[in-house]
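Dumping the structure here so I can ask a few things about it.
The chains carry the letters A, B, C and D, assigned in the order they are written, with residues numbered from 1 in each.
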Amino acid sequence: MLNYALLLHAAPYSHQAALSALRFADTVVANGHRMKTIFFYHDGVHNASALMAPPQDEVHLADGWKRLHQEHGTELLVCVAAGLRRGLLDVSEASRHGVMSHSLEAPFELTGVGQLVDAMLTSDRMITFAP
Amino acid sequence: MMVEGHPVALDPEGYLVSLDDWSERVAEALAADEGRELTPAHWEIIGVLRDFYQRFEAAPAMRPLVKAVKQALGEEKGNSIYLMRLFPDSPAKVGARLAGLPKPTNCL
Amino acid sequence: MMLHLLNRSPRSTATYQDVSEAFGSDDHLLLIEDACYAAQPSAGAALEPFGGRVSVLQEDLVARGLAKRVDPSVEVVDMNGFLALTETHERCVSWF
Amino acid sequence: MIDVSDSRPVPQDLLVVLRHPPHGTHWLREGLDVALVAAAFGQRVGLLFQGDGIYALLKGQQAGPLGQKGTHPQLAMLEMYDIDTLWVSARGLNERGLSADDLMLPVVPLEASAMVELLQRHPHTLIF
């Protein structure tokens, strides 16, 4: 069994990369490996949007990531610096920055890039999906 | 916050909304606000922080802050123990606030 | 031994050039997403630097109508094959 | 201090490859952020500039319209994070008609074979 970490740079529904990453993550767990961490960076932070509402006949990416967390304990880490700039804030960041609403909820977590470095050092494999 | 009769806007965490509002009087008011009094030792570090931001357009993390202080003020001040004594809790964050730098982005 | 993931169409020559600069003699290249177009015989030169150590992801190929247009030198792998490549190669880098 | 004048590049803990030019996209900024944070965490970080990423090093850059921040202050700051190992693709440099004199920081140009070795010898590599 290997510990996998994924780094996702691509926004949902703009590029295939987000789908590729989710497909890959499903394949990781289906083959008995551990899907340890997914780190959302660059435009990939939009995958964590709690406000995502795609049509019913398309895959719901945010739900896909949440399912990995619920069924396999995958950490869903969102870069806070990339997220804040792009409007991805949880309740505490929203109040910290004095903005009216929040757009990110558990199981997604806002974290620093340090967690990406940590994920790289503590996983057996790190695979990047980019636009 | 009012400084010398002028309003200075702060965000919910007490950082300046507009970095142009910074002045030494504002720094003193920010320090008083958290129960600190600025000594010459504090001002030296605030100077290093402002110089760092001028050069690099970013607030330093702890490690480069230590290095910048070492370069500017020498070995005896360029260490984390000295900085922690002056700015307890988090020298990089507290220092950035008092020096009128942007809020560190939480990356560290 | 390194796995290189590439997702750009062969028209993105600069990206292919950057991969080839970093491609070692034991390395392997996996074409996904729009890089599937490079697996056609007509794309020929794009894959020359990689010495036949190239795979392409089947489902991306099929989606693009390229299933029957793969150069024989390129190995077709499914998602499990993709995963297997990441198992056998300790490090994986992505070019985009 | 790591001696980079040796023809065999000395690997660091993490290699960050920068392939995108400044200003047009946020890739360069966010790639450099990862390098800086890793260094702040005590990792030894090396940078490789490849393709249009080489333009990150060009002298004379400024802020963009509306005060868009450039990446040149970030590059100047690398030294404060003890990142002093900067490699650049020799071919990429030539193709752009640039020489080391055109760049804002000292770099070590690498031929293709040395670049392959660079990637092989680093335990971790991230490409931006």
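Points worth noting:
As a working rule, a residue touches a chain if its C-beta (ideal position, glycine included) is under 8 Å from a C-beta of that chain, and two chains touch if they have at least 3 such contacts.
Since the structure is predicted, the reported quantities are computational estimates derived from the model, not experimental observations.
Listing every chain that touches chain B and chain C alike gives A, D.
Chain A and chain C have CA centres that are 25 Å apart.
Distance between chain B and chain D, defined via averaged C-alpha coordinates, is recorded as 29 Å.
Annotation for chain A: residues 81, 112-114, 126, 128 touch two or more other chains. Counting partner chains per residue, chain C shows two or more touched chains at residues 93-94, 96.
Annotation for chain B: residues touching 2 or more other chains are 107-108.
If touching chains are joined by edges, the resulting network of the protein chains shown has some other shape, matching none of path, cycle, star or complete graph.
Applying the touch definition to every pair of chains gives A-B, A-C, A-D, B-D, C-D.
Residues of chain C that touch chain A in their complex: 5, 7, 32-34, 59-60, 79-80, 82-83, 86-87, 90, 92-94, 96. Within the complex formed with chain B, the chain D residues making contact are 33, 36-37, 39-40, 42, 69, 73-74, 76-77, 80-82. Note for the complex: chain A touches chain D at residues 7, 41-42, 81-82, 112-114, 116-118, 120-121, 126, 128.
For chain A in complex with chain C, the touching residues are 2, 4, 9, 16-17, 20, 23-24, 27-28, 31, 33, 124-131.
Listed in rising order, the residues of chain B touching chain A in the complex are 11-13, 105-108.
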